[in-house]
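Which chain is which? They are A, B and C, in the order written, and residues in each are numbered from 1.
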Amino acid sequence: MNEDKRRQRTKMVTYPSGAVIPERDLGKSPVLECSHLGIEFGGLKAVEDFNLVLGRTEIAGLIGPNGAGKTTIFNLLTKVYQPTHGSVLIDGLDTQSMTVVDVSKAGVARTFQNIRLFGNMSVEDNVRIGLHNQIKYDMFTGIFRLPRYFSREKQQHEKAMELLDIFNMADLADAKAGSLPYGAQRRLEIVRALATNPKLLLLDEPAAGMNPHETEELMDNILRIRDSFQIAVLLIEHDMNLVMGICEGICVLNFGRVIAKGTPEEIQSNPVVIEAYLGKKKEAGQ
Amino acid sequence: MAFLSSLVNGLSLGSIYAIIALGYTMVYGIAKMLNFAHGDVIMVGAYIAFCGAQYWGLPPVMCVLTAMLVCTVLGVTIERLAYRPLRQATSLAVLITAIGMSYLLQNLALQIWGANPKSFPVDLVALPGFTLFGGQLRISGVTLVTVLANIVIMAALTFFTSRTKLGKAMRCVSEDRGAAELMGISVNRTISLTFAIGSALAAIAGVLLCSAYPTLQPTTGSMPGIKAFTAAVFGGIGSIPGAMVGGLLLGIIEILSRAYISTELADAIVFAVLIVVLLVKPTGLLGKQVREKV
Amino acid sequence: MNAKKKRLIYNLSTYAIVVIAFAWCQFLLNNGGMTRSLKGQLVPICCWVIMAVSLNLVVGISGELSLGHAGFMSVGAFTGIILSGWLQNGMGMADETLRLVIAIAGGGLLAGIAGVMIGIPVLRLRGDYLAIVTLAFGEIIRNVMNCLYVSVEGRGLHIDFLNPSLPGKLLLNGPNGAVSVSKISTFTAGFILVMLSLFVVLNLTNSRSGRAIMAVRDARIAAESVGINTTKYRMMAFVISAVLAGMAGALYGLNYSTLVAGKFKFDQSINVLVFVVLGGIGNTMGAVVAAAALTILPELLREFSTYRMLVYAIVLIVVMLATNNPLLKQWFSNMTNRARGLVRRDKPAADGEGGNPA
């Protein structure tokens, strides 16, 4: 049903600084600004001179061959790794001295390439943990069951169910997260990330292990999430249907460096990209 | 001169710790597990050597060799029966199993040899000691043998891991088990070999330990075992020179604090040093940083 | 609703087990149906149950292996003994119940402080390193206790290190430990303390903080990425556990007329760990049952006492193998599924296990 909407290309505009964002985000400050971001692992430059500006409600893709440094960039953005060069601004805030927790509080949520759910806990509890900093009460309230405990628990439950409903997972609320099928685990990771009330959602290969039908659904859902939560999404994905279908801006990485940036059309026709990445596919296809 | 004498004693104790620590560190490096029962293999080795000398009338060298043989078999068997089935399990599960194994060995020894301490034949390591500085500094034969054994073992192991095919296989398994397997290295056999070497060393350590401190009982191995593990962590677990450095330092610290601070607090000081080292450098003195992959 | 109901039933039956056991023991006590030796075990059983419940909070719920739990017990025990001795001899407090309550609270408090002091450095480490450092701390505490001399003179306390010649009445005599302690622990106090520790642990587990603790256990990096301060919650579990162990220690210490620090050796920490493992790691009810059963059993089977530790060791290994080896585990779960008559169709994804870093 969203097929047409997806094909409707967003009009991209250029900032004076050279960054390209969707036209509708023009009046608002960008949610993410990376400049000259880089990290070295013992002399090896895993990521070098990475620059990216994301509009408030932009869906952007980060693509590139395996080992290009895509997940490393996510780790830099969320401070799992400390960058050796450059800076990251989230909603205008410098993340230089932030920890992983601070970044989450600043409004960045992520999913993981190799799923990291709280496997022994129920689906609902996984989402409630995502709500950790949204609906709060302290340890003593919890232990001594003060009135606040009951009201906040109820709020958490309601919010968790509401979020699970996005992916029609409400009926799975009591299931053990680790026992869900692969696709459902990936979806639950997205729900958990959304529970933290982010401004920017980082999805690391959200369609990995999904069948084409599930991927189609996922694409609709990502668009729906962006529209209803008004957040930006940056995703890493190898599925070109997904990337070309929903991403407004695409950034192509190879050997830790950006080799191309642009709209899906521009990327698809970019000779450098074709040579480095898509080119192989074409040859194989001929 | 008293200081020098303490230093020599520390060196001797440290050498024993270093030899035990080698067993821990090799097993940790390759099987990625903390073999808590290692200290008790030492105790078994000492008992076997004791029996060899006391009951079976074996010559000293044969006593040590028998102890090494028994411990090797024991170590490999423990690995095969208790640890191998848990190759995929969490480290918590493996550690608890190893603790269970440690208790099993202690209590088996209790059933076999009884709770009464045995007095270990000191003359098992028969080498004359000598004195220096006109009799002020005495170095016993046991001390000499211990330090020498430590040096020889260390050199042999370094040669083994860096120059021989099997040793290289061990380093491969330690670095990346999956890749080693793909290269045709049998991971199971390599881990067995590691346990065999570690346990044989434990037997030597047991004999040396009990020659220096000649009371033998089922719990003899546990404290030196824990301290040697501490030494391995201190030096950087997984690193062979680290075990050497850690063991020697720990032995010297222990003896010096015994002599100059307080006998009662010596153990506390040793453990406190470990904690401080781990806080300053969580990977130990010579350990290398491993980044968690996200 | 279903999961919630299950949890409620689980919690209530845990409390029920303790209440029923207590009522039954009281009945036996009043009707003279209890042997002398068993009577002497009532308070220790409560202590070991609390120890198991509190260690389970660290090992099972927070997922950290602590091998120094007996250290906290010993801090609590000696604090309790000193407090009680001081209140009795220095302050002239005759009320035993009040003294016991103050002693237990003090024991818990000091053990909690020790927990914070140890937790700050220790919780920077993970896994095996953490285990070995908690072990080291347990040994340090024991060593320090062995050098501590405390006496009461007038209304004041003398506390000295390595110096046995203190004026007044000696409460703590270095390696000889506490002497002529007035035995004020009661079974009822033990029962109340068990209920309290269950209340704390079960309610904590089922709250925002408890979920955060478990989240850190299951997938540390994911927990951080949703904004959970991992150090804070590991610390919370560690300190609460230390407080409970300290309270159990005070109760234990005041149950005997003499007590030496050697009583809280590394072996005791392992002993408690055995309760936790055999009760099913993370299972509070299991920890309670295992601790009680394994404390009584050797009393009942006196003639087998020499084999006790041997059997412990074998059972520990077998349980670990049976619950952690994939093949054996599969076999067991097949058996239980067959027994229940329901073989679930949905299988977990092959490599979808969360938490374990690749």
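Quick note on the criterion: contacts are C-beta pairs under 8 Å (C-beta built on N, C-alpha and C of every residue); 3 or more make two chains touch, one makes a residue touch a chain.
Predicted model, so just to flag it, every value in this text is computed and none were measured.
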By CA centroids, point me to the most central chain in this structure. C
Maximum distance between Cα centroids and subunit B occurs for chain A
Which integer distance in Å separates the CA centroid of subunit A from that of subunit C? 43
CA centroid of subunit B to CA centroid of subunit C, Å: 31
Find the geometric centre of each of subunit A and subunit B from their Cα atoms only, then give the gap between the two centres in Å, rounded to an integer. 49
Of all residues in subunit A, the ones touching two or more other chains: 80, 112
Touching at least two other chains at once: which residues of subunit C meet that condition? 221, 358
Residue list for subunit B, restricted to those that touch at least two other chains: 294
The residues of subunit C that touch subunit B in their complex are 59, 63, 65, 121-122, 124-125, 127-129, 131-133, 135-137, 139-140, 143-144, 146-147, 162, 174-175, 221, 266, 270, 273, 277, 281, 306-307, 309-310, 312-314, 316-317, 320-321, 323-328, 357-358
Which part of subunit B faces subunit C closely enough to touch in the complex? 28, 34, 82, 85-86, 88-93, 95-97, 99-104, 106-108, 110-111, 222, 226, 229-230, 233, 262, 264-265, 267-268, 271-272, 274-275, 278-279, 282, 292-294
Interfacial residue positions of subunit A with respect to subunit C in the complex: 78, 80, 99-101, 104-105, 109-110, 112, 114-122, 124-125, 128-130, 132-133, 135-139, 141-145, 149, 152-153, 156, 173-174, 177-182, 185, 192-193, 195-196, 209
Which residues of subunit C touch subunit A once you look at their complex with the stated criterion? 1-3, 199-200, 203-204, 206-212, 214-215, 218-219, 221-229, 236, 346, 348-349, 351-355, 358
